[in-house]
Amino acid sequence: MRKTISIAPGLGLGGDQFVVMAGPCAVETRELLLAAAEAVAAAGAGMLRGGAFKPRTSPKSFQGLGVEGLRLLAEASARTGLPVVTEVMDPRDVEVVAEHATMLQVGSRNMQNFPLLREVGRQRKPVLLKRGAAATIDEWLAAAEYVLQEGNPDVVLCERGVRGFDGSTRYLLDLAAVPVLQRRTHLPVVVDPSHGTGDAGLVPAMAKAAVAAGADGLLIEVHAAPEIALCDGKQALRPAEFAQLMSELRRLVPLVGRRWSRPLAAGQATAVDAAGSGSHRIPPNLGSFDDEVIAP
Amino acid sequence: MRKTISIAPGLGLGGDQFVVMAGPCAVETRELLLAAAEAVAAAGAGMLRGGAFKPRTSPKSFQGLGVEGLRLLAEASARTGLPVVTEVMDPRDVEVVAEHATMLQVGSRNMQNFPLLREVGRQRKPVLLKRGAAATIDEWLAAAEYVLQEGNPDVVLCERGVRGFDGSTRYLLDLAAVPVLQRRTHLPVVVDPSHGTGDAGLVPAMAKAAVAAGADGLLIEVHAAPEIALCDGKQALRPAEFAQLMSELRRLVPLVGRRWSRPLAAGQATAVDAAGSGSHRIPPNLGSFDDEVIAP
Amino acid sequence: MRKTISIAPGLGLGGDQFVVMAGPCAVETRELLLAAAEAVAAAGAGMLRGGAFKPRTSPKSFQGLGVEGLRLLAEASARTGLPVVTEVMDPRDVEVVAEHATMLQVGSRNMQNFPLLREVGRQRKPVLLKRGAAATIDEWLAAAEYVLQEGNPDVVLCERGVRGFDGSTRYLLDLAAVPVLQRRTHLPVVVDPSHGTGDAGLVPAMAKAAVAAGADGLLIEVHAAPEIALCDGKQALRPAEFAQLMSELRRLVPLVGRRWSRPLAAGQATAVDAAGSGSHRIPPNLGSFDDEVIAP
Amino acid sequence: MRKTISIAPGLGLGGDQFVVMAGPCAVETRELLLAAAEAVAAAGAGMLRGGAFKPRTSPKSFQGLGVEGLRLLAEASARTGLPVVTEVMDPRDVEVVAEHATMLQVGSRNMQNFPLLREVGRQRKPVLLKRGAAATIDEWLAAAEYVLQEGNPDVVLCERGVRGFDGSTRYLLDLAAVPVLQRRTHLPVVVDPSHGTGDAGLVPAMAKAAVAAGADGLLIEVHAAPEIALCDGKQALRPAEFAQLMSELRRLVPLVGRRWSRPLAAGQATAVDAAGSGSHRIPPNLGSFDDEVIAP
């Protein structure tokens, strides 16, 4: 029996419930964040992603807005009704991140940062644990055990590509990890085709492939203006590209025995924004969503 | 404009035409080969695969039946109407293989066997060129150039997994290679999830993922009795498993803008057989293959 | 001009000074630690290694003695005169580790733990930065920049193997990283053949190879009784094996333009232990060391 | 007991005998080949390497001079007294290559070209079998079995780097393969630091490391004028660089229990040439070669 993690009213991940988490790589400005958040909400995403604390290869790169970024994420969440998933890198920041976000992300570089894993294991929030670029499946599951052992059962595993030898893609997305994990663990598995390829032009194909492989969700980078992004603009979809991908995913998801999951608040929030009437759960361009595909 | 390779009357590969090639890893006995061939024909495959010359890691392993295996493949082809794709390893065998088969396979270990590539380039038969386990996309395309340069334009590229570091799967199937190749070449791209995972239990998920990623076809190992296979039994689907996968693929293929392609002779061959025996080897629900999906 | 880091009176690392750091993987008991420490001091090591905080793949494995382990390391250092290098995993532990040790090790799993790198960058202690198992040379140097940028210029880079595809060795020791780094940075480079192979039987060959490749030092696991080790016993040398290796290294080091470096205190400490006379800096079995090979 | 392969009078490889094989990547012109051959003979090489049939990634690259190249190699061998090792790629060329060369090289791309392995196994000439870029040690030894099984016991294994993820070097030289192989097989093991790094500046360090790791020999590219080489000029040493490396290797080889092996004919050839010309092609700094280390 595969586990369903309850994230917010109406929003479950795992079992037969499928969730798309989308948003910018990093929180850069209030305007850019809100634009991305509203676009992904309108296109049917179930969660908002965005980084306030950014693990950058070089200390000279933009490092994120920190706590100010967390506040902006919380504001975007309130406006769109989408719960937030955001990365925490430092055990000393776990509490403040947990105050502002619904799901705590442990990034690829920290998959074996054991003090951090223990600290997120002590929170009562779901944890998104990305695979390390050189981690075997066994090592990844052992890292998840650090969280579980502290009493937090809600771990979501995220495949995001391992180190490969061909520079054609930034990482080598290992989609076979999805069915392999589903044999070995009851935990949900999501896929990040944005980091897994490093190339926006490859994201739609690999997002669809991840769904067909049986993933429980996707983590996709969307930026209102990728050409000015401070972080990973090359791999971010534009809002229109994301909406197009979402319309294709809606047809695919039911074919693999999943149903689309979205928070109740997303409908309410967008309804208010759209008309203040409370009657339109979903903006007009989503009118073709039927009840089977998208849970209320 | 992506290239469509015409393989047999009614059967094209590439462009919007999607082909499943299926059959045993190796030709072992006449009975086992025919059983597999009829099963894959009945389930809707477009081509029969099977090895007469087997590149085995150890000289102590079964090396294939050689020319006798080619004759059996030709017989199975005549009975099922499915054209045959089979591997050639030695430049001195290219002519005899070309006499018996429709498509010449150059295996992963021989991707940079340049004398062999030149020899298959001199034939007027389509060539299936598998990716080497350590080959970059650029090296793979350069290998294809050896075939093209000899005057043979009909090269199909086959992703079959690269060497990875995690023993959970035999190879690491690099599905992002599919959209990467589609940017760089007009040649069709197929995927072999059987070698790409080495594990029959993972083949259905990865076959579906390959289709969703945009592959033009699949190469799938099917054995009438995997438990007694002399070669790679662990990765072969049973006929019933293959039929189940095919029914799922039929729903998926049209979602990515492809249509199912099968040789005209496949219908005729089975019709003759069926009429002679009074038993319908091809189930009725495939009789109504229509242009849209092949739905029942 | 390559940098020499001054570690203790008489002990420099880099430039023409070569240092062997040796000791157990983990501090387990006082007796085992002192036995290993005295053995490596007697054999000519320049520093004592040993883990008090252990980053273990599984939470069920021995996690180290923590602060008690640090105290034992400090005691072993006082007895042998060897400065201690030990790992720190948690930014909150950096200060207590810095109180007890001379050199702070950042392990492979934490190479991109940026909060930790910043914290060790704020200490006035040399830092040993191990390469991540999937890290390129560029990523590794960028990680070192995090330490340097905080004002700590004393970073030693440690190659310890990257993830390879062949289970014959635990990791794939990338010795070409040594001359590659020496082109790109002035920082000293040491090699850990113990983790780099995971196999005590391969350590002597790879230790000698590292010296011949131009490494400025070695990090070698030595355990008084590997068969009862709680951590990585398979890769630990016994004291007699280590002494034999050291005698071979002494002949090799001068051939590549380096001289053996040891702390002044090592001689004094062992002298007291050996005879209480203060006259023998080096125990009798090291009598063949000449002044050219081992600097005073 | 490790095997010694007798290659020519005075020249053995394996056991305690160490051999350097050197020369250009490809035979390009008679003048360049003879210049390189004489330079490597003068510097103390035991065998001449050079490619007549070149396996090039692209069909547009220089493919070698073929049989004309073999004739030039034979001439260079006669002039220098150095036996020739050269690559054969096509089973149909094995006989002609065997007529002109002393040792048959099977390249990395053909490690699992089984028809070729069988054909060289039928010759009575030693075979140099390079490791495939994605081959495990087990697969490599199984490939050697194809040669041995045909009745040819004289296989030399050549580590030349596996596919790695860091573009800092062309391949990742796996020196731990040397001691791993020495546990598992009695066959000699040599190392090719030229292909293993792809970078002339790294060759000396890695050549020395290979010796220290216990290799039985080296394969080193030397070109009289690397800047005009048609193939792999970037990784070729100039004659003066090679001579400098050889002088360092001479000090290192005896430290790991080996003695330098050279063919009797090398001394005679150079003696004749030298006597005829009045000029000493072997520089005085080789005068210190003693009988134990370098055979006359």
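For reference, chains read A, B, C and D in written order, and residue numbers begin at 1 within each chain.
We take it that a contact is a pair of C-beta atoms (placed from the backbone, for glycine too) under 8 Å apart; a residue touches a chain by one contact, two chains touch by 3 or more.
What you see is a predicted model; the values in this text were computed from it and never measured.
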For chain A and chain B, chains touching each: C, D
Contact-richer chain pair (by C-beta pairs counted) among A-D and B-D: B-D
Inter-chain centre distance, chain B versus chain D - centres from mean C-alpha coordinates, in Å: 40
Between chain D and chain C, distance of the C-alpha-averaged centres to the nearest whole Å: 36
Inter-chain centre distance, chain A versus chain D - centres from mean C-alpha coordinates, in Å: 53
Multi-partner residues of chain D (each touching 2 or more other chains): 134, 162-165, 167
Touching residues on chain D, where the partner in the complex is chain A: 163-165, 167
Complex contact set, residues of chain A against chain B: 134, 136-138, 162, 164-169, 172-180, 183, 196-197, 201-202, 205-206, 208-214, 248, 251-252, 255-256
Contact footprint of chain C on chain A as seen in their complex: 55-60, 89-92, 109-115, 132-134, 139, 142-143, 145-146, 149, 162-163
